[in-house]
Amino acid sequence: MALDKNGIAQRIAQELKNGWYVNLGIGIPTLVANYIPQGIDVEFQSENGILGMGPFPFDGEEDADLINAGKQTITTVPGASFFDSATSFAMIRGQHVQLTVLGAMEVSQNGDIANWKIPGKMVKGMGGAMDLVASAENIIVAMMHSNKAGESKILKACTLPLTGVGCVKKVVTELAVLEIKDGKFHLIERAPGVSVEEIISKTEGDLVVPEVVPEMHFD
Amino acid sequence: MNKVVKNVEDALVGIEDGMTLMLGGFGLCGIPENSIGQLVKLGTKNLTCISNNAGVDDFGIGLMLQAKQVKKMISSYVGENDEFERQMLSGELEVDLIPQGSLAERCRAGGAGIPAFFTPAGYGTEVAEGKEVRVFNGKPHILESALTADFAIVKAWKGDTEGNLIYKAAARNFNPMMAMAGKITVAEVEELVPAGTLDPNHIHTPGIFVQRIFQGEKFEKRIEQRTVRKND
Amino acid sequence: MNKVVKNVEDALVGIEDGMTLMLGGFGLCGIPENSIGQLVKLGTKNLTCISNNAGVDDFGIGLMLQAKQVKKMISSYVGENDEFERQMLSGELEVDLIPQGSLAERCRAGGAGIPAFFTPAGYGTEVAEGKEVRVFNGKPHILESALTADFAIVKAWKGDTEGNLIYKAAARNFNPMMAMAGKITVAEVEELVPAGTLDPNHIHTPGIFVQRIFQGEKFEKRIEQRTVRKND
Amino acid sequence: MALDKNGIAQRIAQELKNGWYVNLGIGIPTLVANYIPQGIDVEFQSENGILGMGPFPFDGEEDADLINAGKQTITTVPGASFFDSATSFAMIRGQHVQLTVLGAMEVSQNGDIANWKIPGKMVKGMGGAMDLVASAENIIVAMMHSNKAGESKILKACTLPLTGVGCVKKVVTELAVLEIKDGKFHLIERAPGVSVEEIISKTEGDLVVPEVVPEMHFD
């Protein structure tokens, strides 16, 4: 059965390593914070100027001056710090943040990503995404395998304006975990109960499928 | 060096049609709301606004968009604003979208006398069009230039009569760099205190960057996405 | 994310002959004296030291110069040090002198992922030799590159277990930028407190830039030029 | 009579304008702070990270963490702030400091200045001087007219390695106030009792002398 958004987030959380600073994008990536494995100590960076983001505040304790990059009210954990946007992107550009998780409209088999513009239709802007993808050593894309029209978002080449080139290393969708290397997608894991055939049929880009494709494992 | 002006009217004297303004804030957080209100009242037109976001339809820079005061927006993210999207797609509004980190650094560079710097952000995208590309450490970078403004308008939590500013939490965001990059920098603060009251170790924006300071009359501090968890 | 190490011995594990070190401080103010003491004890050789100054003959980096541990100094001002001058003029010591503002900005750039930037400082002087010149706004600028280090060693006033740092007064100087630019950044602090003790608004160096932190055993804090006025 | 160091500082202090941020170099320039004209409010920047420098501390109140760029113990005035060296030079490079006063070994008639190195003999380093002279709109050089060997320091062309090119606008020595424009020194004022002839004889660079050269005026 395909994963829901929480399932995608939970699978991505398994990639976290102890001691990492992590930037989570808007949408599914934000949910990753709910599934930090036991014994793993990570700290969340929000590019609007926070290190040490905590959970949402309790009702009535919201602070308009304390929001994350998705403009949601949040809290901080002990040891947090605040800083300006230039320092925040110094952390990102300077590769002090070990992992970036973000959403995408399209990903291509050479690691290109598009997530900020549909010409003539929608332009929200790239926000911090271009800085993040151009800088991060580890980028995981969290997204649905297909768009609402049923078309694959896992492509030979992106059709939309790019956010970054050759930067995505891993994609986690409701169906599969894909690694990008040597200009191809590599099927690493499938969602519980999802067939390799379904994944192949929903993937437009070149997909390398090993003989055995393990199911994702959740505790 | 007393920088205090009486009120928002005095603070914005000299802003004229066609000028370039920087406006601090991220989303609706840390925006100079009193000054934006005054700009709408003044009706100044053909402005180029440098601001990470463009507010929402009925708050922040959204109010200036409604009043058609803005000729061009220089921003990184402009979602959450229907009127903005309409004006942009119809071509009424020029929009220059810049990666957020490049925007922040370009403002800082403008204030710091650094005319240009290399960054990897945007390489291979339309942001890089027409820009010099150079490879450092095997990685392509693009050359980005400094941004400055006729007026930079920022919002701080506390300020003193010398123009020293302290921001609160995530309301700091773009304010410090924009304060550096304005030919004239106006700061509106929630609390204005005498010089010597603030700890010199805690100042975020030294007064040298601020030409005018005033205590804002009223701060709505609207929350864009109120998210809470259940009390257990 | 606990960054605490037991003592200065543990803090400097991994420093090897031939490495590049950044050392914070201006004059003798805000220098990592405990770490410098340990470096002398370790006897590590052929070091390249990036530091605004080189200490005095018997304190600060001067101690490492006496022990002939330094192959090359990258600094802006190296007066007040006879042994330094002797080694430099005799050719024993390589010296790369850099304008102070360029040194600070090059460290920041190293930490901020900006490989190069333009500055007017040094144009037309020997500092500009071999560097690209470009005119911006009618004024010639030279292209300066980022600096990084194998280890950056900084000194702060207060620090917490997560590596967050607060500096005191003018002892801040080069420490924050060097903290950003080290592959491994070691912070020695006068007072080490639990995470959550320091106000997140007051942090000068966020813990993300610091890999190891320890409370220094003893701070002499020597004064180079004691100047006083008469009590009336 | 030629001025002493304090006289040079006092004359330079007359150049201060209300509301200026000022950077004073080591030596004579430091003394300028002692002669701020009444009614003039200026603030002193020290490039090691202080805005709002005050006088030396009283005996016993020195703080090793509070020194100026000359490594002297100092105090601060109310409204002072501390910052890092990158921010400090952002102020300087970004032309937020309105006046720089510094010493020199040589100044040339096109505004070049040399003050950091004597090849083979002395190399203290340029410190912040290269940033200051390359950036400041107003640079006043405070120095003696001749060196210890009696040779003029006011030259057609500098002989020592340069600190900056074409940047000095004004020079105040123990003998005179000189303005630099159109590639020449212009004699603006002479020290009380100092003859124009003496100034001419001690100036190696081209010197434009008006018919009347007023004496400096001190209150």
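In this document, chain identifiers A, B, C and D correspond to the written order of the chains, with residue numbering beginning at 1 in each.
Basically, a residue touches a chain if its C-beta (ideal position, glycine included) is under 8 Å from a C-beta of that chain, and two chains touch if they have at least 3 such contacts.
Keep in mind that what you see is a predicted model, and the values were worked out from it rather than measured.
Visitor: Count the smallest number of chain-to-chain hops linking chain A with chain D, moving only between touching chains.
Guide: The least step count works out to 2.
Visitor: Tally the contacting C-beta pairs at the C-D interface and at the B-D interface, and name the larger one.
Guide: Most contacts of the two pairs: C-D.
Visitor: Looking at C-alpha means, what's the farthest chain from chain A?
Guide: It is D.
Visitor: If you average the CA atoms of chain A and of chain B, how far apart do the two points sit, in angstrom?
Guide: About 28 Å, centre to centre.
Visitor: Please compute the C-alpha centroid of chain B, do the same for chain C, then give the distance between them in whole Å.
Guide: 32
Visitor: Let me have the rounded angstrom distance from the C-alpha centre of chain B over to the C-alpha centre of chain D, please.
Guide: 36
Visitor: In chain B, what residues contact two or more other chains?
Guide: Only 105, 108, 112-114, 119-120, 167-169, 200-201 qualify.
Visitor: Do you know which chain A residues sit against two or more other chains?
Guide: Only 82-83, 86, 89, 92-93, 135 qualify.
Visitor: Mind listing each pair of touching chains for me?
Guide: A-B, A-C, B-C, B-D, C-D
Visitor: So in the complex, which bits of chain B are touching chain A?
Guide: 26-30, 52, 75-80, 85, 88-89, 95, 97, 99-105, 107-108, 119-127, 157, 167-177, 204, 221-231
Visitor: Over in the complex, which chain C residues touch chain A? Could you list them?
Guide: 1-2, 108, 110-114, 160-162, 164, 180, 194-196, 200-201, 203, 206-209
Visitor: So in the complex, which bits of chain C are touching chain B?
Guide: 105, 109, 112-120, 134, 136-137, 141, 145, 166-169, 200-202
Visitor: For the complex, which residues does chain D have touching chain C?
Guide: Residues 46-50, 55-74, 82-86, 88-89, 92-93, 112, 116, 120-131, 134-135, 161-166.
Visitor: Of all residues in chain A, which touch chain C in the complex?
Guide: Against chain C, the touching part of chain A is residues 19, 21, 41-43, 45, 51-52, 76, 78-83, 86-87, 89-97, 135.
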